[in-house]
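Both of the next two complexes hold subunit A, though its partner changes from subunit B to subunit C.
Right after this comes the complex of A and B.
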C-alpha cells in the first residue's frame, strides 16, 4: 500500500518536483556537513568575500568573515529539524484533541474546542514570539513554541473527520466485536482520518520553517545555532552592499518551503478520493 | 432446557428535540438455544433498535429505559463495560446489512478477523491467521488464503457478506444477531447466504435472531417469528402457525401483500391502507387501530393498548379483536382465481380494505 502511494506520488508532477527539491535540501544538510565541517560561527576569512571570489569560501563570507556555505548547511539542518519536530508536536497534540473531541463529543468536545478557539484567536506568530521570549530561546523552546501555536487547525480537521467516521457502520461493527474505546479510536477511526492530516502536516512543515526563520531573524532563535533566519538578520544592514548575505539563505528558504508545499499538494491529489476521478 | 435469550419489557426511547420517540416500547421476546427467531416488520418499526439494545449499542439520544435482557441467566443491561465487551463478539455476535460499510476500508479482511479473534482469545497472530483461513473456507470463500489478504472493496457483495459472517463467527458465538443480512444482496446470492447461515447455525448449534422485512426469508430459515409494529411486538408464534393462521390484522395484511402469486393477472396488489404513526405522536390506543379493518370503539381499540395474550399454543398476539383466522390459503387454484381470488385470499367476514381491482 505504501509502495502504491509512492508510485502515485512519483507520477504526480508537483509531488515529484517537491520530493526532488526536498532530496536536494536533505542531501545538502547531510553531506554538506562533511565538506563544510567547520564551526559556522568561526571567522574564517576576510569579511564580505563575494561568492565565487575565493575557492576557500565558495559562497563567500558574511560581515564578520564567517563562511556562508557552512552557515547555510547548518541552517538547512536546523530548518529541517525544527520544521519536522514542531510539526510532529502539532500533529500529536492536534490528533489527540481532535480525536477525543470528535469521538466522545459532549462536554469533552465543547471544552477542547473552546481551548482550540482561544489558540486560534491569538495571532500565531505573536504567540510564538511571546512563548520563546518567556522561555530562554533554544532549539527546544523554538520547536515547542511553533508546535504549540500550530496544532489548532489539525485538531479541527481531525475532529471533523472523527465526527463523520464514528457514525460509519464499520465502527459500529467493530464495537459489536467487543472493542474498547481506545482500540476503536486507534485501530478503526484514526487510520481512516489520517490522509488529510498527512497533507496538512506537509504544509505545516513549510509554515513552521518560515516561522523559525522569522523568529531567528528577530534574534529569538537559539543563540548557539546558525539558522537561515539568523544569517538574514545579521546581513540585513549590508543588503545593499552585499545582497547575497540575505539572498542565499532567502533562496534556501524559498526552495524548502516550495518543496513541502509541492509535496503537500501532491499528497492531497494522491490521498483525496474526491480528486481521484479527474 | 433453560432459558437462552430472554428479552423482557424492553423500552428503548430516543429523547429528541421533537419529543420522546419510543422506538422500542415494552418488547419481550425469546430466542431458544439453537433456534431461530425472525423479527419481522417494516422500516422504522424498531427491529434494529431492539437488536442493538441487546448488545447495548444504543447511543445518545437513545436510552434503554427499562427491561431485562437475560442471556443464559445474566442480565446484559446490568453488566459493567468490561462485562458487556466480553459478551460482544465473543458470545453474541452481529452481522450487518451492508457488508462493505461494515468493514474497515483500510485494513485487509484477514487482518480484521485476526483482530476480532485476538480481542477475545489469547492466541498468537500466526495461529489467529490460520483460523481466519479456516473460517473463510467454512463460509465458502474460494482460495481463502488469498482473499484474506484483500481489502474489503476488492471482494464482491456476496463474498463480503460471507466474510462478514466469518468475522462474526470468529469467536464461535452462542448467539448470532443478523440485521437484514441479505437485503443488500441480489436474489441468487441471498439464497446462498441464507443457506449458509442455516448450515452454520445447525453445525454450531447457535441461536439466531434474524431481523428482516422479507417474509420469504422468514419462511425459509426461521422456526419462530415475531412481528413488530411501531415499536411493539404485535404477534409472535411458530412460523408455520403464524403464516397459516395469522391472528393480528397487521400480520394478515403483511401476508396478503406478499401472496401475489395468488392474484389474477392485472390485479391491484393488496396493501395495508394508511401510514405507520409517527413515533413522536403515537395514538392513545392500539398503534395499528387507525389502519385496522377490525378496529372498533367498543373493544377499546382507540382507548388502550392491547395486552399480549396467547391465542394458541406458543402463539401470542396483542389485539383486542384477536381471533385465529381460518387456515390461510397459501395458494389458490388458478382457475377460480379470476372471480374468487379476493375472498379466498382474505379471512372471511372481514370488511377488509385490501383492494383487489
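Right after this comes the complex of A and C.
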C-alpha cells in the first residue's frame, strides 16, 4: 500500500517537486554536518565576509564572524526537528479531541468544540509568543507551544470525519460483533479518517517551521540552538549593509516551506482522487 | 435606517454578544491557566526577571491577584478584573496596561485594514484572472506566484523589502509611522503616514493575497459549472459580465468566511510586521514587552487581541449578510 502511494506521489507533479526539494534540503543538511561540523556559535573568522569572498567560509560570516554555512546546516536540523515534532503533538492532540467529540457527541463534543473555538479565536502566534516567553525559551517549550497553537484545525477535521464514519455500516457491524469503543475508534474508524489528516499534517509542518523561525527571529528561540530565525534576528540590525546574513536563511526557509506545501498538495491529490479536477 | 431594521440589527448584536461571551470567558480562563502553570508564583512571572520590580510593586500585584487566597478565589479575582477591563499595571512602562494598549490600537487597526484591503482587492483580481483564463499562460504565472508567496516568511519579506525599497532605491521610509522630528498637520500628515504604511501593509498583505487568489480561483471555477451561470450564458450575457457580476459575487462569500477565520492570524502577522518596521502598534508593543520581559503587558495584549478578534468577527458576519440577502442577520 505504501509503495503504491509512493508511486502515485512520484507521478504527481507537485508531490514529486516537493519530495525532490525536501531530499535536496535533507541531503545538504546531512552533507553539511560532515563538511561544516564546527560549532555554529564559534567566531571563526572576520565578521561580515561576503559569500564567495573567501573559500574558508564559502557562504560568508555573520556580524560576529560566525560561519554562515555552519549556522545554516544547524538551522536545517532545528527546523526539521521542531517542525516534525510539533506537528506530531498537534496531530495527536487534534486526533484525540476530534475522535472523542465526533464519536461520543453530546456534552463531550460540545465542551471540546468550545475549547477548539477558544484556541481558534486567540491569535495563534501571539499565544505561542506568550507561552514561550513565560515558560522560558528552549527547544522543548518552542515545540510544545507550536503544537498547542496548531491542533484545532486537525480536531475539527477529525471530528467531521468521525461524525460521518460512525454512521457507516462497517462500524455498526463491528459494534454488533461486540467491539469496545476504544478498539472501534482506533482500529475501525481512525484508519478511514486518516488520509485528510495526513494532508493537513504535511501542510502543518510548513506552518510550524515558519512559526519557529518567527519565534527565534523575535529572540524567543532556544538560546543554545542556532536556527534560521536566530540568524535572521541577529543580522537584522545590519541588514542594509549585509543583506545576505538575513537573505540566505530566509531563502532556506522558503525552500523547505515550499517543499512541504507541494508535498501536502500532492498528497491531497493522491489520497483524495475524487477532488482532482479542482 | 427604519425602526424595524434597527431592531433587526439590535437583535443580531444581542444574539452575537451572547455567543461571544463564553469564548471571552474561556480565553480569560486560558490566561489564568498559563499563569498558574508558569514556574514561580504569578507575581514572580508577571514582574519579570528578579530584581527588576520594586517590593512595593510586587506587593501591589499580590493584592491585585489575591495571592494569599485559595486558587478559586484567585480565579474569581482574575475574572472580575478582566470583566472590568482592568488588565493591571505595566511596571516597565509605568502605565496601566489598558491605556498602553488603547494608545497603540489605532495604528494596528490602520495597518490591518489597509493590508486586508490590498489583499482582498489584489487576491480577487488575480483569482478572477486565473479563473477566466484557466490553464492558460496567465493562470500558470499566477499559480507559480501564489505558490512562492505562500511560502515567504512575512518578517523576512519585510526585511528584504527594506533593503530593496528603502536602502537601495530610497523610495520609501523603512520604519515608524511618521517622519521623526517634523511636525506636520492636515494633508501633509496624511501623506506622511501614507508613505510610511506602504511597505508594512504590502508585506502583511502578501501572504493573504496568495491565499485569497487561490480561493477565489477555485470558487469561480466551481461556479462556472453552476446552473445560474448557464442561464446567464443562455440569455446572452458576455463572458466578462458573467465573470464579474454572476460568478464573482458568489465567490465573495467563501472569501468573507475565510477572512473571518483568519482575523487572528492577521493580527499575529501584524505583530511580526510591526516589529520589523517599528510600526507603533500592538505588535510593536508586544515585541517591546518580550524584550523587557513585561509579561503582564504581554498577557494583556493576548487577552485584548482575542477579544478584538471576536468583535471583528461580528463585523464580518454583518458584511456577510449584506453580500448575501439569503442570509439574515
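General remarks:
One rule holds in what follows: the second predicted complex is superposed on the first by the 274 of 278 C-alpha atoms of A that agree within 3 Å, B and C clash if a C-alpha of one lies under 4 Å from a C-alpha of the other, contacts with A are read in each partner's own complex, and residues count from 1 in each chain.
To be clear about the criterion, a residue touches a chain if its C-beta (ideal position, glycine included) is under 8 Å from a C-beta of that chain, and two chains touch if they have at least 3 such contacts.
All values reported here derive from a predicted model rather than from experimental measurement.
When both complexes are superposed on subunit A, subunit B and subunit C fit side by side without a clash. Once chain A of one complex is fitted onto chain A of the other, the partner contacts of A:16 are absent, as it touches neither subunit B nor subunit C. Set against each other, subunit B and subunit C differ in how many residues of subunit A they touch, and the higher count belongs to C. In the superposition on chain A, A:188 makes contact with subunit B only, not with subunit C.
In the superposition on chain A, contact of A:246 is made with subunit C only, not with subunit B. One geometric descriptor of the composite model is the angle centred on subunit A: between the Cα centres of subunit B and subunit C it reads 100 degrees, in steps of 10.
By the touch criterion stated above, A:213 is placed in contact with subunit C alone, subunit B being left untouched. Once the two complexes are laid over each other on the shared chain, residue contacts for A:254 go to subunit C alone; subunit B is not touched. In the superposed model, A:133 lies in contact with subunit C only, and not with subunit B. Measuring only between alpha carbons, the smallest separation of subunit B from subunit C in this overlay is 24 Å. Across the superposed pair, subunit B and subunit C touch subunit A at no common residue. Subunit A makes touch with subunit B in their complex at residues 106, 168-170, 172-180, 183, 187-188, 191-192. Partner subunit C is touched in their complex by these residues of subunit A: 114-115, 117-118, 120-127, 129-131, 133-136, 206, 210, 213-214, 217-220, 232, 236, 239-240, 243, 246-247, 250, 253-254, 257-258, 261-262, 278. Chain contact summary for the complex, subunit B toward subunit A: residues 55, 57, 60, 81, 85-90, 93-94, 96, 98, 101-107, 115-116, 119-120, 167, 170. By the touch criterion stated above, subunit C contacts subunit A in their complex at residues 22-23, 26-27, 30, 34-35, 37-39, 45, 147-148, 150-156, 159-160, 162-163, 167, 218, 221-222, 261, 264-265, 267-269, 271-272, 275-276, 286-287, 290-291, 293, 295, 298-299, 301-302, 305-306, 309-310, 313.
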